[in-house]
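Multiple structures follow.
In the two assemblies presented below, chain A is common to both, partnered first by chain B and then by chain C.
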Partner chain A sequence: MKSHKWFTPWLLVAPGVIWVLVFGLWPFFNTVVLSFTNARPLQAGRFIGLENYARIGSDEQFGYALTTSLIYMVVCIPLLTILPLLVALLVEKTIPWITFFRTTFYFPVIASVVVVALIWSWLFDTKGLINGALEAMGVVDNPVPFLVDRWWLLITAILLTVWKGLGYYMVVYLAALGNSNKELHEAAALDGAGAFQRFLTVTLPAVRGAMVLIMALVAVSALRVFTELQVLSNGTGGPGGQSMSLVMLIKTVGSGLTGNVGYASALSVVLFLITALPLLAIAWMNREKEAKA
Partner chain B sequence: MTTTVEETPQSIEIAARAVKPKKVKEPAYRRKGSSDFLKPTLGGLIVRYVLLAIMTVIVVGPLIFQLATSFKGPLDDIYNFPPSLIPTDPTFQNYVRVQDFIPIYLYAWHSLLVAVGTVITNAAFATFGGYALGCMEFKGKKIVWGILLSTMLLPGEVTITSQFLTIKAFGLADTLWGVFLPGAVGAMNVMLIATACRAIPQDMLAAATIDGATTWQRIQHMVWPNIKGMVSVVAIFSFIGAWDDFLWPLIVLSDPAKYTLTVGMAFLSGNFADPRLVAAGTMIALVPIVILFSVMQKHFFAGVEEGAVKG
Partner chain C sequence: MRRFTGLVTLVASAALALTACTGGGAAPAPAQSSGGGSGKLSGTVKFQSWSLKNETFSPYFEALFASFEKETGVKVEWLDQPGEGYQEKVLAQANSGSLPDVINLPPDIAFPLAKAGVLLDVNAADSSLASTFVPGAWEAYSYPGLTGTFGIPWYLGTDLSWWNGTELKKYGVDTDKLPTTNEELIELAKKVGTESKGKLPVLSSMPTIDLFSSSGVPVMNDAGDFVFNTPQAAAIVDQFRDAYKAGGVPPEALTGDFGGNADNFKAGKVAYTTATSTFATDLAKNAPTIAKGVIATPRIGDAPLFVQGVSVAANSANKDAALAFAKYLTNTANQVAFCKIAVGYMPGTVEGSADTASLSAGVKDELQLKAIGIVVESMKTARVLTPVQWTGAMKTYMDQQLALALKGEIGSQEALDKIVKYANTNKVE
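Moving on to the complex of A and B:
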């Protein structure tokens, strides 16, 4: 039986659909078009074919940015797949005060990256707490250039990302662990399986799905890194901009009155192609999940 | 374990316990000879709490250290090691003096405006759209779902350059409206509410329709109570997302008088600023959302169990 006028559902979904079209799909379409032009913020630009893409190949800055983003991804994936699982196992059981710990471990997630990066740049300053501790323990004689060296800057930023991401992925694991079979755990324990053995045979298979999902999520968010490097390097992107990420490069190239919108768009398309792989993996997984439900 | 009015062994046991004055308090750990294998042993429990304490120090240590620094006066040596958490020259002056560098409370007001606007539009439009997608049958539903899903393949950073051109074409460059508008309706939020709506029994809605309930009445009386939890998750995430966002307002806003908190804060860093002032600034940005989250955390973790954070 008909419970509503034909246009009612369309009226209800209209805002969502319009927003996706205007602020999602249109800008994407526009980005692809602009990437074949020499557009500037104040002029429309004309078609220049693949010139922008040809330029990417010989752009030294792009090489640095791609290296930075890929290293970010490769280092973050194992760290943010394994560490949050261990934290989740730590807070999984409902023992007294556990809600307090779960909530506390989530605080870094809700904090702005800008705020955390400002705290970090104070902790990792040449006169900061970390260098103070290292010198007091006699590990180093001179302060470590955490915020001004190309590679140290990258390491410091990755540490920030991992510290901030722990709570988020912990919650994803908690949801997966909540669905895992308690009886199986008990049966394994009765059969004399040790804690480590139970982890391998019961826990790991239960969270395998979540693990794959997290790997893809971490990969994408690592490729999108911007704020950590921007704030830690004070907007410079490290010495000679060598620690810039892809997004930082896009922002630097494309914004401002003299920005090269065409070239920035070509860089954006390349970024899209790189992030598409892990994203497609997520979409594929979601479809499988929905089919099961 | 659920307790019902029926006479189950549990309810009898509970009744028996209620009669007996002696309260048997279950320990949180496993006693020797107990078969409750899912409980840790006493030793295991102690190790667990020690690890939890270490994690707590790693997680909140930097935040507490920053909080302490923000209350340290000019006579406190903030560079010595080991550091002290208790200021010897405690002061609130840093929260005043930080305004010499940036109008931080004005920036916080801007962020609040954007964040509250984002919460209202997302909660409202996600509820409407989610209801239509979750509970109604109509032609083209699959297409709508596909359009919403397509945004998951599109990281916002990819479209940021031309997104700015769109906002400029609307005449909203360098305004808070321009910061707010693209995030006003999140496709992800619509899909989250749609998933929550699907859990509502269709028969119930059909019965209400037969009784003459309008769409609006069904949303108000039958759908809303069922999706309240998920809507509060959407609201929390919308607020935090808008309050914390950095790249987009950085691109939209060029006039320092219009900055949001994160953009203004980034200009607070640099070697010239006193770390005590930067610390005060970070606390102004951090404390509101920590309080908001602590108050709402029950809804949040309940929403997690419904699967809110999975995608």
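Moving on to the complex of A and C:
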């Protein structure tokens, strides 16, 4: 049998390593370096120390963007962790037409978020279908400013995110539920445990791994929210830019021929740190639980 | 522990991907401008237009390229970019040092490129050009802090005021005495908004820097600082706020989401818009019922001057031929021929802009003829209203703050002070 050359393993891992270096590490380190400069497109910029970071502290827009992103995360994590589980429990059962219902719940996932957000912006317009219906039913006298008020805009965008993400996380839970031990359910039922008790003591532990994963994924995507708010607010972030997310702010600051690439890079680094923190916390909590188990 | 490590890896990967989205890099070294050259021209030049390759304009360009090749022996390779994302495309080309030899650039997009030294100083290359072009258009390619002129005017435009006379009459508006100042326009919006209970907005966008400029508010001072936070500008915003409260401005205008003014005008959703003279044919084709009652008047305040031009890449490998083609494309005969197809636009040369009769040749629509007449008249005083230093991020910030002012959440003066402070802090130096 012919032995491998010494470089064979290196050759095998080379595509992956090159990919990570070129598309992951190099842009990241470039972003960190740029964050200490006053670079603009077509201008290399000069080193300005911590000036960009100092500016973040006094930037009113950053305050709004951080608030928006954090609220988005805090609201989306429980909604997109619990609701898909409940839906998965509903569609897990084998009943007639169940495939239709599963497909229906999954359908928003395959629709383009831009198209969906555009449709929602028409629906929630002051002269849109929702306001028309509310006024026709006498629920409101004047149109609800869904798209031109800070909090309404945020609520509308969160609803859109939840509606669109529900089916995706439902599928993750369905996979986890499919692997759960059915005999434990039967044993618990025989021991007199009710449906809610079985949910708490059997179902939840069975899907805990999936739940942690979903919380992590939702935390990342909520902090990175862009398309929903961008389309619903027509790129303005709402009046005062108060409903702007961090990614929207980075895009606004850094894009175009005159974009402030240095400051946008500093914002990106801060977003990196902010994104890492809740994920590390979730991972740490999960580790402690595993250790106890 | 393995799961923890895995999650940490996931975190790092996601965050790395997340933060790897900013660009930026070293600028290409500025190239020295060269003279027009007197040697024999040859080879190929790449010419990039902006959304002009279509059944209307393609035959014109193909004939022009053929005649240029016949005269000089230089072939023209034509690239046409779509309307959307043009700035980004140009930025990518400039970043990679692959700007086409001759490129269609309006003054605002040419400005950062000129600052980065990637455009040729056409005035240095051929000092006889300056006297050929309309002064306002030629000066549009000279920038603060830079010596030289970085583009050759190609065609010019302005816009007009369009009124839905049929709808306005329903609310008692005398269409023979339509507003001639911005103050009167906003007052009309308030009146119609009140009487129609918001069903017929007159204005469908927020105050812009153009509005301030055309109302006589000084936008920048000689030192290059933004200074439009004046009591006069605050009064305009106050007036706008009152019109908004009265329903004369739709709520979606606060996020610029009311759609294009012109589209809403055609749909009968708004009683006033600004548009170029070609809007008449658009109305006749797409909104014939509304077109019957439409009135065209000169733009309120100072008319804006829209300039389109061509620049030559400083690092062009065939600079003499590129400059020769840019001059050929923008000579009077070719500009006049182009403007006969691009109805409503005017040539950027002094001689061409004087030939107004040929611009309306072949036009039969009465409303459009009237509109062209107004354009010709307005062009005499039209000027560039938006300074090139005004960036997209500044506009976004202005929209955000004025939205708060219109909602009454902050005062007009406070909003303007914040906008001016932001603009001066974020000026492109």
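Basically, the second predicted complex is superposed on the first by the 261 of 293 C-alpha atoms of A that agree within 3 Å, B and C clash if a C-alpha of one lies under 4 Å from a C-alpha of the other, contacts with A are read in each partner's own complex, and residues count from 1 in each chain.
Here is the rule we go by: a contact is a pair of C-beta atoms (placed from the backbone, for glycine too) under 8 Å apart; a residue touches a chain by one contact, two chains touch by 3 or more.
The shown structure was predicted, so the numbers you read here are calculated from the model rather than taken from an experiment.
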- prompt: Of the partners chain B and chain C, which touch A:Ile48 in the superposed model: first, second, both, neither?
  reply: neither
Message: Which partner chains sit in contact with A:Leu70 here, chain B, chain C, both or neither? Use first/second/both/neither.
response: neither
Message: Looking at A:Thr252 after the superposition, I want to know if it touches chain B, chain C, both of them or none. Which is it: first, second, both, neither?
response: second
Message: Going by the contact rule set out at the top, does A:Leu83 touch chain B (first), chain C (second), both, or neither?
response: neither
Message: Once chain A of both complexes is superposed, is A:Phe28 in touch with chain B (first), chain C (second), both, or neither?
response: both
Message: Between chain B and chain C, whom does A:Ile56 touch in the aligned arrangement: first, second, both, or neither?
response: neither
Query: Looking at chain A, does chain C or chain B touch more of its residues?
result: B
- request: Tell me which partner A:Leu159 touches in the superposition: chain B (first), chain C (second), both or neither.
  value: neither
Field: Which superposed partner A:Ile95 touches (first chain B, second chain C, both, neither)
entry: first
Task: Once the structures are superposed on A, label A:Trp122 by its partner contacts, choosing first (chain B), second (chain C), both or neither.
output: first
Field: Set intersection of chain A contacts, chain C complex versus chain B complex
entry: 23-25, 27-28, 30-31, 34, 41, 121, 125, 220, 224, 234-235, 250, 254-255, 259, 261, 264-265, 268-269, 271-272, 275-276, 279-280, 282-283, 286
- prompt: Considering the complex alone, what residue numbers of chain C touch chain A?
  reply: 1, 3-4, 7-8, 10-28, 87-88, 90-91, 94-95, 109, 112-113, 115-116, 118, 250-252, 254-257, 391-393, 396-397, 399-401, 403-404, 407, 409-410, 426, 428
- prompt: What part of chain B is in contact with chain A in the complex they form?
  reply: 28, 37-40, 45, 48, 51-52, 55-56, 58-60, 62-63, 65-66, 69, 79-83, 121, 125-126, 128-129, 131-133, 136, 138, 140-141, 144, 147-155, 157-166, 168, 181-182, 184-187, 190, 205-206, 209-210, 215, 240, 243-244, 246-247, 250-251, 261-262, 265-266, 268-270, 275, 278-279, 281-282, 285-286, 289-290, 293-294, 297, 301, 304-305, 307, 309-311
Statement: In the complex, chain A touches chain C at residues 23-25, 27-28, 30-31, 34, 39-45, 61, 121, 125-126, 143, 145, 147-148, 212, 216, 220, 224, 233-242, 250, 252-262, 264-265, 268-269, 271-272, 275-276, 279-280, 282-284, 286-287, 290
- line: Within their complex, chain A touches chain B through residues 1, 3-4, 6, 8-10, 12-28, 30-31, 34, 41, 87, 90-91, 93, 95-96, 99, 101-108, 110-116, 118-123, 125, 127, 129, 132-133, 135-136, 163, 166-168, 171-172, 174-175, 178, 182, 185-186, 189-190, 210, 213, 220, 223-224, 226-227, 230-231, 234-235, 247, 250-251, 254-255, 259, 261, 264-265, 268-269, 271-272, 275-276, 279-280, 282-283, 286
